[in-house]
Every structure is written in C-alpha cells, then in structure tokens.
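So the structure is just underneath, and the comments pick up after that.
A, B and C are the chain letters, set down in written order, and residue numbers restart from 1 in every chain.
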Amino acid sequence: MSVIPAELSYTTSHEWVSVEGDTYTIGLTDFAQDALGDLVFVNLPMEGDEVVAGEAFADVESVKAVSDVFSPVTGTVVQINEDLLDAPEAINEDPYGAWLVRVEEVSEVGDLLDADAYEAHCAQEA
Amino acid sequence: MKLLFERSVAGRKQTIFPDLDVPEATFDETLVRQSAPRLPQMAEVDLGRHYTELAKQTHGVNDGFYPLGSCTMKYNPRVNEQVAALPGFADIHPLQPEETVQGCLGAMHELEGMLAEICGMDAMTLQPAAGAHGEYTGLLLIRAHHLANGDTGRTKIIVPDSAHGTNPASAVMAGFTVVSVPSDAQGGVDLDALRAAVGPDTAGLMLTNPNTLGLFDPNIVEICQIIHEAGGLCYYDGANLNAVMGHARPGDMGFDCVHVNLHKTFSTPHGGGGPGSGPVGCKAFLAPYLPNPRVVERPDGTLAFSCSEQSVGKVRSFYGNFLVAVRALAYILTLGREGIPEASASAVLNANYLAHFLAEAGYALPYGERCMHEFVIDVGPLKAETGVSAMDVAKRLLDFGVHPPTMYFPLIVHEALMAEPTETESRETLDEFVGLMTGILKEAHEDGERLHSAPFTCPIGRPDEVKAARKPHVRYEFDEEG
Amino acid sequence: MGSYLPETDEGRAGMLAALGLTKSDELFSVIPPEVRIDALDLPEGRSELEVVSHLEALARENRHFDVVLRGAGAYRHHIPSIVKSVTSKEEFVTAYTPYQAEISQGVLQSIFEYQTQICELTGMDVANASVYDGATAAAEGVLMCRDRRRNEVVVAETVHPDVMTVIKTYCASRDVPVVTVPATSDLMVDLDALRAAVGPTTAAVYVQSPNYLGIIEDMDGIVAASHEAGSKVVMGFNPIALGILRTPGEYGVDVAVGEGQPLGLPLGFGGPYLGIMATTKALMRKLPGRIVGETSDAEGRRAFVLTLQAREQHIRREKASSNICSNEALCAMTASVYLAAVGPEGLAQVARLCAGHAHYLAEKLAELGFAPMSDKPFFNEFLTTCPVDAHQLVDQLAEHGILAGLPTHDGILWCATELNTRAEIDRVVSVVKEVCDR
C-alpha cells in the first residue's frame, strides 16, 4: 500500500502537487516510484522553461526504462531540484521530499485529484 | 582480473619504432602536450597474456551455440578473413587514383549487384557502416524523394509496435515523427489500424518482415499497397533477411528501399559490437539520392566513382566498411544461387525444429510453433507458476556455455525470449539445447528460488546495474601516487 | 557449390519428418505465391579454392604502392605485430555486443580499458565505446551539443571535406543550420569570421587541428571566441599527433572527436575505421553510443557492464539522441592494443618520427620549387605549390611505386609517417627532381 499524504493534490499520471502562495511544487508519488523501480537518473527542464499542463516536462530513468513526467500545470519553472541530478535515489527513498521542480506564473491547472480520489485511482491501476 | 593499467610497470616497454633519422621537428611550447598520457607500460609477453585471459572471458560463435534472436549469429567462415587481409585490399589507400583501384571498385560493384539481385532492388550503396546507419540512409532517400516532389507535408513514418528500437530512433534522426501501429492477434500488422494511420502526412512505413516475432506477414502486398496509395514509400528493415533470401525479395513485395546487415545475413563477424556494414538498396527512382560517390561502369568497361547532384550527401567518410564488404562478397560467391536459398531454408527449418521441441518440453509459444527463422518463447506462464523469469532462464543457460536468446524483446511479449538458431547448427546442437531448456524447466519447478541467482559458474555473478548507472564509473581512476 | 551447413540432406529430411513435413518448401507456405521466386540470378556457388582465386585476382587489379606520401584522412602506419595477433582471436572476432555481462567480461573490460586510454590520450573525462568513423563522430559530436535554445552549428572550412559533408547531411535531416567559416590565406580558420558567425543560437563550433591541410589551428583563440558566445567547441584530432601535441582537454574543448584509423587499423580502402568520441563530465549523458561502466556483483567482485543505457535507442526509441547500436568494437580494441603496445614513450616517438619525416620532406621538396602554401606550424601533412602538372607528377611517381601527395587546393597535399624513412624520402626526392627536370 503506497503512501498518499492527505494535504497534497495528485494527477492520474502519478505526479503530486503542493501549492504555497503562487508557487506550485511538483514531484512523483510513492506509487509511481514503486512502479518505476530503482531510478538512476532524472532529466529536468531548465529554469525559465515553460511547462504545459498535461505535457511531459521531465523524464526519469531506471536501468531498462525511461518514463515521462507530466506537468499538472501550465507555467514557468522557477527552480529545479539539482540534488536529484546526483542522487536520483532520493525519489525512491523519499518521494514526497524529493520534489522535481517549482513552477510559478501558473495560468492553468489541469484536473487534479484529492488524496481519496487518487487512492481509488491507484487501487484501480494496481 | 587485472586491468592493463594495474599491470603497468614504469620503464617496461616494447621496441616498436626506431630512433629519429632526421632532425627533430620542434613546436612552440604552447602547442605541446603538458603531460604524457598514462598509457600502460608493458612487455609484449605480458600484453599478450592479458588479452588471452580476456579472450577466455568472452563468448564467441566458436565457443558455443549462440541463438541470439534478431542477431543471426551464424558461423563466420575463415576464408572471409583470409581474403579481407590480402594486402591488395587491406593496404590500399582510399584516395588512390581510380585506375589503381579497379580491383576494389570491382569488388564493390560485384557485391552491389548481387545484393541488389537478392533484395529485388535496382541500385545499392555500401556506404552505411551498420544496420541502424542503413536505416537512417534509407529514410534520407525517402525524405529526399518527397522534398523533390515538393511534398513537404509528408512528415510521418509508420512503425509497427514490434519493431526494433532503432526504427523510431532512425526516423527521428532523418527528420520524421513516428506513428506506432499495433500488431494484430496473429502478430502481423493490424490492417485496419494501418488504414486509419495513413494520410497525406504519411512519408512511409518501416517494416521488418518476417517481424521480430519470427512471423512473415501474409498481408505484405496489401500493406505496401495501403502505404503507396496514401503516397508514402515502404522501407524494408533487412535485419531478418536470413529467413527469406532466395525465396522472396523485398522488391517484389512492394518495398522501395531496404538495408541489409552484412554482419548478420552475410556471415561477416560481429567483433563484439562491430564493425558491421549496412548496405542500402533502392528502386531506380530513388537511386539519384543515394550517398556520394557511387561505383559506375564506364563505356570502356573500367569502373569509376560518380557523384549525383541530387544525392543526400554522405553518411560516412570514403566508401563504407570496405573490408567487411569483401568478406560478404566471398560468402555470397561461395553459396551462390543454390546455396543462398538453401541457407535460409535451413535457418527456417532449424527454428521450426527448435520451436516444436521446446513447446513439447513445456515452454509457451504465444504465436504457435510455426515460424520463420526465429521465434518468441513467453516465460510469463512459467513465471506465474514458479517465479522464474525470462532473465532467470537466460542466466541459467550461461552456466552451460550457451549464449541465451534475446531477452525481453519484442516488447509486446513481457517475458520474451527470442531464439534464432541460424542454419549453421546441427541437429545435435539443437537437441542439446532442448535438453538444457528441459532441465531448466525442471529446476524451475523444483527450486525456482535458486534460479534467481544464476549463473553459478561464470567469472562473475549478475552485476549491479543500478549502481553502475547511478554513479557512473566509466574510466580507470589512477592512484595519484603511482 | 559451397556451403556452411553442418547437416546433410538426409539429416534435414529427418528433421522435417520430425515436424510432420516432407519438403522444406512447406516452411515457406505463409509467403504469398505472387512474391515467391524460383531462383536468383546469381552465379553458381564455388569451392573455397575458387573463391580465394577470384578475390586474389581482384586484389591484384589494385596497385599496391611501396611508398605512400598521401594522407588526407587515411594514413599508412606501421602496425605492431601483437595488434593483429590479439585482434584476430576468435572470441573477440565472433562475439556479438556484450549484452550478457557474465560471459562477456573480456570484451567489456577491453572497452573500459579503451575508454580510459582515450581519456588519457585526449585529456577529456569520458569516452564512449566508439562510433563508425571520424566523420560520424564529428556529426554526432556537434549534434550532442544542442539544447532547447541553441540549434545551429558552425563549421570551419579547413576541416576534412568528407567530414564537412557528413556533418551537413546529419544536420540537414534534423533542420540544424550549418554555417561555414572560411580560411585565411595561411590556411587557418579566419578568427574574425568565426567570431562573426558564432551567436546566441550557436550550439557548437567544429574545427579540426591539425586541419585538413595539415596546419595546427589557433585552438586557444577558437575556444575563447566560441565560449565567449556561449557555444560549445568540438575539436577533431589526429590520435598520433597527440603523442606530442597539446590535447583537446588542455585546450578546454567540450567534445573531442577523431578518426582512430592511425591506431593500428589498415588503410583498407576506407574502412572499417574507428570513430573516437570523448567529452566532459558535464556532457556525459549526451554522449551517443555504448558506454561501459564498472560495478560489482552480489559477492563484491569487480564487474563491467554496458551502462547509461537509458540514453540509447533500444530504451528511449524515438527520443534517443542517436540511433547507433553496432559501433566499431573490434576497431576500438585494435586501437587499445596499439596504445598499450607502443606505450607513452612509443606514442611520442611515432609522433616525432611522423613530424620529423614530414618536415624533412617539406624542406627537400621546397628545394625543388614545391613551395609551402603556409608558413604556420604543421604536424605531418602540408600543402605545397606544384611547379609541374600535378596529375602528371602523380602518374609519373606511380610508375616508380610511389603514391604522391593528393592534388587539391591548386597544389599538392603531402603526408609523411614513421614509414617514410630518410633514405626513402631521399629516393623519392630524386625521382621528383627527375620528373621536374624532364
């Protein structure tokens, strides 16, 4: 059973979002990291890049697979978690601490699920 | 086993070069390297033994059965090596005057003609250095054709989901986007999905036939028609040509261009990852776009290089992996008109024989026992029952001196083992392999857990690939003291 | 007819019978009859003896020169005996790509050793397991420098013409504009023109040094101008020259690429050769092709594996930066054995011999009126004027078993290596004199 913090919002493609003021912080859920297996690298966007809700903005690599990470919002990347470039395993170890990017100037927010709805979604996929 | 650098001892050396017999050319300090490269310093005897030890930890075709699917690991005839080493080929400069290289041009011309005949094409180039390089070159021809027709909207290449990963990667390199079409229940191209996928933006289709499941698509003529009617062209990935050479030709099926792998179908050795060679053939209407230069016959019967204004350019320096081409020429000359179809008939027979007896032994064959030159085993049912995966079965085979089949490919069968025995294996070898696989099946049922740690008799156990990728260590780190 | 089938006709009939079949034709029944063929229009198969005779006859139709003074991208060097002896070991020759690490430690370790030697040779941090040749290495090198903001490539006109064409071909299909920078009258990159060409959308500048015409480029100036504008620099190098000349790493370039043929590979009428690629730590994950890494097995034993595979086509498919899979592994091993056999001292010595012989040849030719077309420093190639008709000179030297320099750029591009001894050069010069006096 994967961990799903109640205070976060989620996408059906297994990203989590937390909002503080105008800043949206985005990461991968526990369910996602478990399905992906041991991550070995993360390709992040550059600060200043535009991301679009529903479109891929990063990808994560395991030894034998690459998976896209989709943006829950449309906006501008203001910060990337550079620690992940050297330690991608942080996503496996602490998925809700190992955020990927922070986005501001958000003009659109895609369809998000609350924790209960996301839990139901995961149960369906499992 | 020690690395070269760990065997190095300062001051040891081999006397390869003489002393200077002319005044030394001197260079300004700013142009000179500041520190010597830390290359190994070794006596010849130690260097020789180092590589003999490395050779013992390498599995080649001569070490045992090598049924690596889609790689056509057939025997590499020794005579091919002998002729490729002739100084009259090996020591010829690529920029010698044409009249001094008539033999090289002759070998290229002869091989191009034979490959064109085998593929049902009108023209060939030997320039691409590998299969993927050939794919890229072939797609450049398709791109050039559409652009020459002012057809700038044809931007999409259709690739079935059973294709090799190189197909979509090559399409993108050639400037296209990729449309994937699903396979039908029989493993062939889903015709309805194909019809739905084509349109005015279709540049072409890339297809391997027989496909990576080892199945010949019976709808091949219709598939090519659908693409042609939509205004696209058809590209034949020759990775699996060994199944049909001498029996059917891509050109007759409706394909417009093709690449072949000399290091698969035409017996040239693979060298642990190259050099290969991926000649590209095409129908006459695409020939003006082939890479420059091409070998042409002059009216007086001599041969020359010729360049086309409409050419896509060059994909490699000079003329490709010429000495690989010489090996393939020796092979085709040896087999000839009867030997070529006999080789593929035997390759298909061996694959069907192996498939039949592996099925009898209890392995699941998701697409049935009949196949062309290769077939896919689904280890999924065994895994569900015993926990033993395709990886476990493959790793256990290593203990018996057999190279396992290709693992986890094609992607549409999740626990796939793709086996291609090739024609150069005897019935005894195939029977022994069935025996080994039967034994592994028994082990899986008796103690499946144990197989997760196979192999047991190799120089190393399964390496930690996660560690390798997370903290890449891709060169030897010298001890600063030493 | 020749054949490599171990099974006899009877044996195959027995196998068919075991499958409940009578003719092998039945195995092909799935192929629609309209695309089946009866026979290929090929000659009948031959015995080994006949095949050898046929190919020997073809080889004899080539002119094998005693003396080669032509380089221009392919160089006749001495190949140490141990190189061929090691690289013809059947295990290395007949193995496929080392997918199964447990039975491929030999090949994997040799690639790891090669990668290390290339890093040492070039002064760079990381090398891949090879690409097809120097030209494709250059093309892959400039393409790997692109990012979302920079999608243009600047190439000096002083690079090898085949490399220029291959870069243009690779870039055209990806809609990457290529801007070329002309040479100055002393056959070097025009730095002012380079500065003007490099801008905010330039991803990479490609230069070769020593360049196609033999001259050592002002790499410090080129690197400074490129980096100032935010562009990366890809440098083409000659591996033998690096025995004595400053390395790409010392110049601070971002990617170093080279034609590895001089490291133990025969001329072979152009191939197979070896594409060398090395780069910085920062660009490691953009490097195309295979890379071998060190790790360990469950018992802690050192192990080598193909790594960073998620960059590659078999995983990333249409998102891969390159489609390369088969590369030139055996050629890389050849280079590795070569570098180990000659060692640091031998590599410096062969470089000194090449440069010494070339400078000696240049001096002797100048005395005959073959004036150097640049007074800038060169390594082992140089362009001269030709006081007589260049093609006639080539023909007449050929009659003496000498392959002259390459007629190009309104002159002749000469090359000397360690094989062209003083005695040999003196003989060549006397023949040239004879031809000129005629």
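Criterion: a contact is a pair of C-beta atoms (placed from the backbone, for glycine too) under 8 Å apart; a residue touches a chain by one contact, two chains touch by 3 or more.
Here the structure is a predicted model, which means the values were calculated and not measured.
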item: Most centrally placed chain - per-chain CA mean versus overall CA mean; value: B
item: Of B-C and A-C, pair with higher C-beta contact tally; value: B-C
item: Whole-Å separation of chain centres (CA-atom averages), subunit A against subunit B; value: 38
item: Distance between chain centroids, defined by C-alpha means - subunit A, subunit C (Å); value: 43
item: Distance from subunit C to subunit B - Cα centre to Cα centre, in angstrom; value: 20
item: Residue list for subunit A, restricted to those that touch at least two other chains; value: 40-41, 61, 63-64
item: Residues of subunit C touching at least two other chains; value: 308-310, 315-316, 319
item: Shared interface positions of subunit B, touching two or more other chains; value: 465, 469
item: Sites on subunit B touched by subunit A in the complex; value: 408, 465-466, 469-470
item: Contacting residues of subunit C [partner subunit A, same complex]; value: 147-148, 285, 308-310, 315-316, 319
item: Subunit A residues touching subunit C - in the complex, by the definition given at the top; value: 40-41, 46, 49, 59, 61-66
item: Interface residues, subunit A side, partner subunit B - complex; value: 38, 40-41, 61, 63-64, 88-89
